[in-house]
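Multiple structures are listed underneath, in C-alpha cells.
Next, two complexes with subunit A in common: one pairs it with subunit B, the other with subunit C.
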Partner chain A sequence: MNVNPSGWRPDMGASEGGGETETFTGNRALMLEESLIFELGDTGTTGVDLEPKPSAATRLGGLERNRPIGLAGLTEPQTVRHYTRLSRQNYAIDLGLFPLGSCTMKHNPRLNEKVARMPGFADIHPLQPTDTVQGALALIEMLGEWLIKLTGMHSVAMSPKAGAHGELCGLLAIRAALEARGDAREVVLVPESAHGTNPATAAFVGYRVENIPANERGRVDLDALKSRLGPDVAAVMITNPNTCGLFEPDMAAISEAVHAAGGLVYCDGANFNAIVGRVRPGDLGIDAMHINLHKTFSTPHGGGGPGSGPVVFSEALTPFAPLPFVERQGDQFTLVEEESAGEHHGQSFGRMTAFHGQMGMFTRAMAYILSHGADGLRQVSEDAVLNANYILRSLEDVLDAPFGASGPCMHEALFSDKGFRDGLGTLDLAKGLIDEGFHPMTMYFPLVVHGAMLIEPTETESKAALDQFIGALRSVAERAKAGDQSLKAAPVHAPRRRLDETLAARKPVLVYKEPEQAEAAE
Partner chain B sequence: MRYLPLAEADRREMLRTVGANSVDDLFVDVPEAARLSGKIEGLADHASELSVERQLGTLARRNMVAGEVPFFIGCGAYKHHIPASVDHLIQRGEFLTSYTPYQPEIAQGTLQALFEFQTQVARLYGCDVANASMYDGSTACWEAISMARRVTRRGKAMVSAGLHPHYVSVAKTMAKFTGDTLDIALPQLTDGAPGDDMERLLGGIDRETSAVVVQYPNILGHITDLSELAARAHAAGALLIAVVTEPVALGLVRSPGEMGADIVVGEGQAIGVGLNFGGPYVGLFACKEKFVRQMPGRLCGETVDAEGKRGFVLTLSTREQHIRREKATSNICTNSGLCALAFSVHMTLLGEKGLRQLAELNHAKAILAAERLAQVPGVELVSGAFFNEFTLRLPKEARPVVRAMAERGVLGGVSLGRLFPGAEALQNGLVIVVTETVTDQDVEALAGALEEALA
Partner chain C sequence: MNTYFTKEHEWIRVEGDTATVGITDFAQAQLGDVVFVEVPSEGTQLQKGKEAAVVESVKAASDVYAPVSGEVVEGNQALVDDPALVNSAAEGDGWFFKLRLSDNSELNGLMGADEYKAFCDSQ
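For the complex of A and B:
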C-alpha cells in the first residue's frame, strides 16, 4: 500500500516555488494524490456480485487460461472514490472557459445526455431486424436532413466516427469519383495552416501532399493556387473559416478554379460553428465537408472522444458515398447495406466502419439542434463570432494580433508571441494561464504564425466570464512582455508542475509494471 | 435561448468595444452572395427542453429495447450488465467535458485513467503495450493491417474466413486505395472444426505476406488455438494479428498474445459500453513493445514533473498527425476517450476475479442454451469449442425466421444471411449469443419462438 504515491518524502525537503508546508500524505486539502488501481487493488478483489454459474461441462477446446492476467479489482466504494479523486485533477468546461482554438469547447447540455440514455436509443443492437429499430433509423434520417439543409449540400454520410474519419470519408469518395471517370490523379493540395489531419488523411488514401501558400492577409493565395492546379491535382482541402480564424472570401472562386481543372474541393468543417445558420458551404461550390458533431453540435469531448464526423456531399459525389445509409420510403426506414446497394448505389466506395455510426452522438446532436432551432443556431454563430472579436479587440493592445488589422475575425482570435522578452514564449504564457485557473488556448498552431495562440471562446460564455479571462490573460501577457522569469516555473498551483515530456518519449513507460517486474526489466 | 448567456445589453456593449455597428459587420469577409439574409427554410425554431424530450422520446419508443425482451444478438456488439457506478462516474463533468489531455498539468485525471486503461488492455490481450483507444474494433483492425505493412514492408494480408464480415468490408474499402492485397474467404457451415480455414491460412503464408488476420472467438463463435499460425507466420517474416470482438471471453480462454500474436486489436464495447445501436464504441489496440513506434493513435506514458512527482503525459507523438502531418502513422485524432474510461471503470469493478466469474457464467449459460436449442426439431448445433456465442444450422433460411421471432417479441440472434448476403451455403446459419443477462425463461422463449417459426 502506497501511502504517498507522489514520491515525495519528508527527507527530500520542501519543494521549490510552492513554499507551503508539506503534508504527511502528499495531499493538499482538497487536492488529493491518488495511486494507480494496480497499487490500490489486487486480483482477488471484485466490485461486482454475480449469480452462481449453473453446472455445465466446459467446451473450450483445451484453451482454458493457464496463467493469471494481472487485473487488479476494487470494490464499489473504492472504485467510486478512485475515479472521483482522479476527476478532480482535470480541467473541464463545467469548471470554466476552455478557449482551445479550432476545438469548439462549448457547454454540453445535460438534456442531450438524458436523451442519449433513453433505452430506446442506448439499448438497441445494430444488427436488430430493421422493423424493430424504426425510431432509431428515423432519428438518423432526421439529423441527416438537418445537416443537409444547414450546409446546403445534396446528401450526407452518417457513419464516420470522428472528424479525421470524416476527412477520410470525403477523400475516399473523391478518389472513387475520379477513378470512376478513369482519371487517376496523384496530388492533394493543402494550405500550410491546415490541421495535421488533412495531410495525414490525404497520405492515408495514397495521395502525395503539396502545400498551398497563404497571402499576407492569412488567406489562401488564390493566384498561387491557380498556378499549381493541373491534371495531376485530385483535390484541394480547405478549412473555412480557416485556422487563423478568418473566412476565405475567395472560396467560391477557389471551387470554380479547382473544378475547371478537373479536381474536387474538400472543406474541413471543423470551424463550422462560426457560420452555422448564416452561411451554407454548399453555396460556395464545395464537394464534401465533414461536420464535427462534438464541436458545432455540442456532443461532449469526453477527454478525447468519442467524436462523430458526418460528411455532406455535393451531387457529383453522392453516388460514391459510403455504406450503410438510411433510406426513407414513405413511413418506413430501411438500411442500405452491401446487399441492397447493388441496384441503385453500386458506385459506393464501401463500408468504413462496422455499423451505422455514432448513434449516441446523433441523439445528442439532434437534441441540441431541436433545442436551438433555425433561429437559435443563427444566434450561436453570431454570439460565437462576437465573443471572439471581443477578445481580439480587448487584447490587441497587449498581444500581437498578426491579422488584426485586416478586419474582424470569425469564431477564434489569433495572437503571436511577438514582444515577449528574455526567452519567454507561448508555452510559458499558457502555463501561467493555468495558475490563473484557465485552460490554455491552442498553442503553436497554426504553424504560419510564430508562437501562435489561437483562442476560441464559443457562444456559451457570458460577458463576465470573458472579462475575467481577458483580465487574466492581460496580466500574464504583461508578465511575459516584462520578461518575468517566474513564468518559467508555472504552473505552481496545478496538481502537477511542468511534466518532463522528453523523459517520457526517450524511455517510454506505457503500462504499469509491479515493482519486482520493473526491477527485473532494468 | 437557455444555452446562450449573452443578454441584448451585453451584445450592444461588446459591439461598441469591437467597433462594429451590428453583428453583420463582423461577417464582412463573407461575400454577399454567400450570406443568408434570414433563417434557413424548412427548419423549426428553438424548442423547450420538455418539447425536445417529448419529440425524441416518441422516436425512442418506436424501437424494441434489448433489455425488455429475450435477447440473443451478438456478432460484434454484446449486451452485458453494466454496474450503475460506471455511468455515474463517466458523467462527472471533469471527465465528460474535458478535452484531449494536451495540457498534462491539468489533465492528470484523464491521463492516469488512460495509463490504467492501457495497462488493463495490454494484460487482457497478453501484449506488452496498448494505446489509448481507437474508434472501434473494425477501424482498429484495418489500422493493424496497415501497421503490419509498415513493419514488414509487405502488402499481402491473409484474412481468416472467421473475421467479422463488416471488418472485412472496412479493410476491403481501404485496401482498394492503399494497394494492399487481402486474401479472403467465406466461412463454412458444414463443420465446427476450424480445419479448412486454418489449412488455407497456413498454406497461404509466404514471403510476401505481411500479416495473418484471425478473429478469436470468430464470427461463428468458435475458438481455435492460434499458436501454430503464429509460429508459421513468424517463420515467414509475417505478423499475426488477432481480433477480439468479445473481450469477456479472455477472462476464461488464453489470450492471443500468449499464443504468439504480434498485434491484438478488437472491440471493447462489451465491457462498460452499452449497445448504442452500433456506436460510440471503443477500439482496443495492443502489440509487442518492439513495434510501438509504428502504432497508430494516442499513447499515454509515465514521467515526472519538475518536483520529481510521478505524472502522466501523451507521448511518442512524433508518430501522430499533428506533428508529422502526411508522414504520420495514421490520421486518427479524436479517439474514444470516454468509452475507454467506461471500459476501465467496469474492468476495475470486475477485477480479475470478477472477470473470470463473469466469463464462467457466460460460458455455462451458453452451453446450456446451446444444448436446449439443439433439441428444437430440425435445429443442429454447428459449433464445437465456443465461449458464449455459437452457431445453429436451421432446416431453412434463417433470415425470415429471425424476423418472425422478432414479431413474437424475441430478438433471436443474427442470421448469417444478413452478415453474408448472397452466400447461399450460409443462409441457414443462425448465430446466438448468451450472456449473463439471459434468463432460463428467455432461453425457453427463444426455443419456443424458434420452434414456432420453423413449423
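For the complex of A and C:
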C-alpha cells in the first residue's frame, strides 16, 4: 500500500507548548491520519474478481475509451477502513448535540430505519403494476391525510423532493391559478426574515422579487407589506416561524391583505416543527406550504438526506396541484396520471418528478408520526420550543439576543456578536466551539442580525446535554468578549486546524490530480 | 463635491457625465473576504435603486444597487478576475462599473462623505 506518496500534509499548525512530538505515521493515538482514496489505492489492485471482458463488437463508433480510466483500485477491507477512519474525524447527530439553526430535526429513530427496510417498502419499483404495491400506495395516502389534518389545508402533493422543490411546486400552482383567471402578475414579495431559497424560487419561476423589511421586533413590517400590495403582486412568500426563530403573529392579517389585493400566500413550512399540533396554517389563510418531512418528521437534513417536501394546498389552489397523486376508491389505491387525470384534474400544472416522491422518506415520516401519535407530535413541538428558550434565557446575559425582549422564541434562539472585542467575531466563537467538541451553530444567517448565531437545539436533547452546551458556549463567548486572541487560532484540538475558507472559495480545487500534474499546473 | 454615498453602502464618483460606482470600505469590512463578483456588461441600462451587480463573501451574497440611473460604459473585469481587490481597495481599484448618467438630478438625494461617515457610525 502506497501511503501519501506526495508527502504533502495539510497544515496541522504548530504545536502549542504541550511538548507534542510528531509521530512517524502522522497519527495521534486513536486519531488516525488518512490519505485521499486516490493516494491509497493503485490501478493494479481490485476488490472484485471480474469475468474477462466479452469480445463483442463495439457499437460506440470509435468513441470508446482507449486508455485506462486511472481510478484507484482498493480491496474491500481497505475501502471499509478508509471510510470508517474518515467518519471518525466527522461530527454527527449520533455523537452529540448539533446546534445548527434553520436545520430542525436532529433525531433519527431506529424504529424508522427498521420500517423503511421492510421489503414491501424498500424493494419495490415505481413502474410495478399498482395492484402489487397497494400497501405502499396506502401509506402515501395515509401520510397525505395526516399532513392535511395537521395543517388544516385542503389537499396535498406528495411528489416534491425537498423544501426548495416544494417552493417551486407551490409557486407553479400559484402561477397556474393566476393564469387560469387571466391575471398575469409580475412580482413576488419576500420579507427579509424569509429563507434564502424563497427569492431564488420566485426568480426561477419568472417573477421579479421585491424585499419587505423586518420591523424592530424581527417580524414582517405589516404596514410596509400592505403599502406595497397591488395588482402586480402575484404572491407573498412568508417563512413562519421565520428565520429569526420568531412566530409571525400577523400572519392572518397578512393573508387577508394579500387576498384582498388579489394575490396568493405561500408559506415556507421548513420551521413547521415548532408549531405542529398548536397552529394549523390553513386557519391563517395560507394557500400553499411545503413541509420538509426530513426536518419535521425525523430523518434529518443534518444526516445528509435525501429530502422530501410535500406541498399542502388551499381549496383555491387544489385544482392546479401537480400529478401524479394517489386516489382511494373503496379499498383500492390507484395513481392519477396524465392519462387518467381527465376532467377532475385537467387544470394541473403538470408534474414535478418522474415518479411519486421519496418512498423511503414517506415510510420514515409515517413511522415517526404513528409512533408519536397526535399528542406526541404536539409534545415534540412544545419541547423544541422549550429547549430553544432555555438556551436563549440561559445565555442572554453573556450573548446579545437582539429580539430577546420581544418575548419567547420558537424552535431556535438568535444571538449577535455585539460586545465581542479586539477583532474577534462569530467565526472565532464557532471555531472555539469545535475545540469544545461541538458542531458550530449556523453563522451569519439571518442577515438582519450582525454576526448572527442561530441555535436550534431540537427537542430530543436532555437538560443535562443542553447545560453542557450552554456551559461550553458561555466559556467561549466570555473569551470573545474579553478579546482573548488565542481564539483566533481555534480550533487547536481538531484533526485539522483553521482552514482557509477564502482561498477555498476563490481557488477551489475540485478535481484530483496526480502530484506531478498538480505541480505542473501550478 | 463629486463623490457621493448611498445608505446601501455604494459610492459614486462623478466626472462630467460619467460616474464610477463601487462599494464602500465600510461595506467590504462588513462583508469580510470577497470571493466572487459579478459586474454588469457594457450597454446595460441601470435603474436607480435596482440591482446592478453581485458581491459574494465567505459570509454572504449581496446585491449592489445602482445609485443613479444610466447606461453602463464599462464593468471592471480586473475585479471579476481578482475579487480580493474589493477588500484591498474598495474605493479605488476595486470599483464595480462605470456608467453614463441619464439624470444628474438623481445625485441630489445622496450623501456626502461626512454625512455617510455619520450614517455608518450610527449603524
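FYI, the second predicted complex is superposed on the first by the 469 of 522 C-alpha atoms of A that agree within 3 Å, B and C clash if a C-alpha of one lies under 4 Å from a C-alpha of the other, contacts with A are read in each partner's own complex, and residues count from 1 in each chain.
Going forward, contacts are C-beta pairs under 8 Å (C-beta built on N, C-alpha and C of every residue); 3 or more make two chains touch, one makes a residue touch a chain.
This structure is a prediction, so every number in the text was calculated from the model and none was measured.
S.K.: After the superposition on A, what does A:Glu338 contact: first (subunit B), second (subunit C), both or neither?
M.R.: It touches subunit B, and subunit C stays clear.
S.K.: First (subunit B), second (subunit C), both or neither: which does A:Ala472 touch?
M.R.: A:Ala472 contacts neither subunit B nor subunit C.
S.K.: Which holds for A:Ala224: it touches subunit B only (first), subunit C only (second), both, or neither?
M.R.: After superposing on A, A:Ala224 lies clear of both subunit B and subunit C.
S.K.: In the superposed arrangement, which partner chain does A:Ala505 touch: subunit B (first), subunit C (second), both, or neither?
M.R.: After superposition on chain A, A:Ala505 lies in contact with both partners, subunit B and subunit C.
S.K.: Count the residues of subunit A touched by subunit B and by subunit C, then name the partner with the higher count.
M.R.: B
S.K.: According to the stated criteria, A:Leu32 is in contact with first (subunit B), second (subunit C), both, or neither; which is it?
M.R.: A:Leu32: touches no partner chain.
S.K.: Do subunit B and subunit C touch any of the same residues on subunit A, and if so, which?
M.R.: 445, 501, 505
S.K.: With touch defined as at the start, can you tell me which subunit C residues reach subunit A in the complex?
M.R.: Contacts found on subunit C: 33, 35-36, 58-60, 83-84.
S.K.: Which positions of subunit A touch subunit C when the two form their complex?
M.R.: Per the touch definition, subunit A meets subunit C at residues 443-445, 447, 501-502, 505-506.
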